[in-house]
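Heads up, the next two complexes both have chain A, just with different partners, chain B and then chain C.
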Partner chain A sequence: MEIPNINKNKITEVLEKDKRLDGRKLFDYRDIEIETGISKNAEGSARVRIGKTEVIVGVKMDVQEPYPDHEDEGTLITGMEFSPISGERYESGPPKIDAIEVARVVDRGIRESKFIDFKKLCIKEGEKVWSVLIDIYAINDDGNILDASALASVAALMVAKMPEYDEKTEKVKFGEFTKDSVPLTENIPFTMTFHKIKNKLFIDPNRDEEDTSEGRVTLAITKPKKEYIINAMQKGDMALFSIDELEQVVKETEKLYDKMFNELNKKIEKLMKK
Partner chain B sequence: MSYTKRLDGRKADELRPIKAEVGIIPNADGSALFAFGETVAIAAVYGPKPLHPQHMQDPERGIIRCVYNMLPFSVTERARPGPSRRSKEISMITENALSGVVELKRFPGTVIDVEIMILQANASTRCAGINAAAMALAHAGIVMKEMVSSVSIGKIDDKIVTDITKAEEDYEEGEGATDIPFTISSNTHAITHLQLDGKIQTERLKEAYDAALKASKKILDYQTRALKGEKIDENK
Partner chain C sequence: MTEKKEKRRIVIPGEVIVSGDDYLPGDFTRKEGKDIIAQRYGLAEGDRVIKIIPISGVYEPRRGNTVIGRVSDITFNGWIVEIGGPYGAFLSLMECPRFINKNDIAEFANIGDLFCAKIFTVKRNSADLTLKSRGLGKLEGGRVIKINPHKVPRVIGKEGSMINLIKNETQTEINVGQNGFIWIKGDLAGEEKAEKTIELVAKEANSEGLTEKVEKFLGGKIKKINPEEMVKEE
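Up next, the complex of A and B:
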């Protein structure tokens, strides 16, 4: 989707002075709001707003056969849709590549960080395991749907409760929840996307900034002990990144992690107690 | 025990035997084969040609449209034919890996179709595909600012290794396996494609890039020799 060149030029011009049209600094997020329990039939659900961008995520559980190469582990399936509700640029129909990419990058951050304890989702090795199904919907796309989707997915998992499982009939009693949380670890992934226009790096673009962006790189990061660990990374769009730029991205990611992660995590933990 | 000796006996920075050749598909405007050992990719380029439907055209620049297709018989357990979420994503990252180095402003309103097929897979298929596609673009005479070369760097346990295999991807001991495919441009050494699956300490990313840069220079040499007409096959 095209925005007028005059807007693009203006965005580029102010970025060159390390500024943004909405007054933010290069590495400032817009205000982030997290809400959980937005759909009571879901095992877990969350809404995340980053500025005017809004995403909702639902977690459902089901019992399935394990994958043949991981017979004692639960499975994870992540889907995403940019429905026409979220902006006039979107059409209905099966998910297109932009949505597929969001789902796959979110999935990888969660999977590779080992945030979900898949071994604890095994019911009967080789036969029955729990499957975690994450569905992400963009409700209002004002840029940076990816970071919002990742954060909402983590929040929805953290508040999710396991459904009842009848061992005799080997069926899930959908709609009846236990008090047990979905088995998670301390490795909570924090996903951030850096954008690039000319040689300026910045985060959390709004719609016009995202349309002007020439390249991006997303990182999912955890800090299990004292070290920062990158669990997933994905470069997007055409612009090239030098190794110096990539190193700047990594450095800023570490800073942002320290600045924001605890605060966001506290917000979610408060919601878990509700 | 740490991963000191590679499963297939290669040195840490050693590529698998390379195959590289251009002109393998006479009907195409440009074509190439690139293989890392048992991972074999072919690519064909058709275009630039007028883009239809017309409303998709960009009056300022051409576009690259890429299809990555992993053939059903290329893997041990048959892959379902046709596009998957994985193949769509790889098609897109391949488009991005190539678009940044092609002089697309010279071809406004057009499309360059890049078709990639994986004939045999043993990891690093996207990298082999990108290498073949870059060669096919050059072979088609499409103006490029730089060439690109792609390689998968792995962190297996705590060791950085070049051009990883499926067996290495599946390594579970110690820190396990991290797969970091890089595509690097030939002159400015910029990153045109980068992904990562697994876990790596932030301070070790530069080490992975350095390994990728070193490998990309070797791969560039194979690509260049093939483009000059040599049929490279190190399996022989």
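Up next, the complex of A and C:
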């Protein structure tokens, strides 16, 4: 069922007073749970829950020919699907525009932050490189699938192990893992989506809030050397953002990065040791 | 399996609950030879008449049910109302307590508005609603939440004990539709508390000592929150 008018009015009315229906503050996330190693066959996998929202991600590695303009670099492909189980609004079939957007924004955050060291994924220049495939599946959509997908993708990449590669037969031995991790750098991207209703900004909407939202902007941010770098940005929906509002978004992103990132990174690192 | 059933037991569709000539099939069960077979996933109970209390699945409209639905379309003589489940329901202009001009249908209730209505006929693939009874009509203000329709009896409690407890403790007005939609109206803190309590009841619907749990949940915080909120609003 689509959102009833009274819920829409209530959300807008309460937001004017800087409050939200579930008692959170404007820039509060719901509880985040991260779990890794949920798939036996994937090189790396993760499940992320933000409140009732649930996403699973699998990372697969394969050997491919490089693109002619980047002959010594590995490749990255991201795919996303909203399965019909994730919400009554989704149907089976090829990914629609909403799923494609999530995949592209997640891809851009990881690619532009240079989180994966593509140069190290090269096996033989111009002929063979590793290709990283990230597959995102929404299990339950209670809003903010984008942030959950980005977080799960990063977690899955961090725990991923390279598969065995047989140089004689030139084939990947799937199911046999080496002890090497995927070559990653320190620039761990953190993706955040800000939503706007009237002139109030907030993050991590639930389903009703996301349906009420008039505009959104997504930022992927890293902090390699004490300075923040915004790697990717995506604007969606109709509402316009003024310069002041965007400045506020950037400021809040930096604040949230400091607040959330260490906490989440510790969680993932704990899981990596297991 | 012939011994008498005393406690509730979880059954899955196709499972033989009991067998013997002493038993009769009740809700969501069927008889095949001597066996009583489950047709739904749920809790089986009963001494002679075996019935199942389903714990999942969609809402099935029944005559006389009070439901909360959202207007999804307007026709020339009424509203199409979503009440959850596979079918829509129809609310005719004739079933409104006061006269509404056919040109003003959208003014009375537009797409997205909520009705609290009663089902008076169930057809093969739709149901007809009426507003001609006490406490029915368009819902204004507040918020609406959705729970599993099979948990509704637990939210209401014996003779309304649970829902009255929540209403009194949170100082809210609550309207429970049999289809799992629950409308809450009150001050912000009360609404939030009531929503969380109802979610707790729905989650723990089959555990024992539910009323005590709810009392504890409500008693723990509401007394602390309420005075502050009252001061702020004054």
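Just so it is clear, the second predicted complex is superposed on the first by the 272 of 274 C-alpha atoms of A that agree within 3 Å, B and C clash if a C-alpha of one lies under 4 Å from a C-alpha of the other, contacts with A are read in each partner's own complex, and residues count from 1 in each chain.
As a working rule, contacts are C-beta pairs under 8 Å (C-beta built on N, C-alpha and C of every residue); 3 or more make two chains touch, one makes a residue touch a chain.
Remember, it's a predicted structure, so these values are computed and weren't measured experimentally.
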| item | value |
| --- | --- |
| Fit-or-clash call for chain B and chain C when the two complexes are aligned on chain A | fit |
| Which of chain B and chain C A:254 touches, first, second, both or neither | first |
| Residue contacts with chain A in the superposition, chain B compared against chain C | B |
| Chain B versus chain C as contact partner of A:232, first or second or both or neither | first |
| First (chain B), second (chain C), both or neither touched by A:101 | first |
| First, second, both or neither for A:10, with chain B first and chain C second | second |
| Touching partner for A:21 - first (chain B), second (chain C), both, neither | second |
| Touching partner for A:246 - first (chain B), second (chain C), both, neither | first |
| First, second, both or neither for A:112, with chain B first and chain C second | first |
| Superposed arrangement (fit on chain A Cα atoms) - minimum chain B/chain C Cα distance in Å | 9 |
| Common interface positions of chain A, toward chain B and toward chain C | none |
| Complex contacts: residues of chain C adjacent to chain A | 70, 72, 82, 84, 110, 112-114, 139-144, 146, 188, 191-192, 195 |
| Chain A-facing residues of chain B, complex | 85-86, 88-89, 91-93, 96, 99-101, 180, 185, 188-202, 205-206, 209, 213 |
| Complex interface listing, chain A residues touching chain B | 97, 100-101, 103-104, 108, 112-113, 215, 217, 221-222, 227-243, 246-247, 250, 253-254 |
| Residues on chain A engaged by chain C in the complex (per definition of touch) | 1-8, 10, 14, 19, 21-23 |
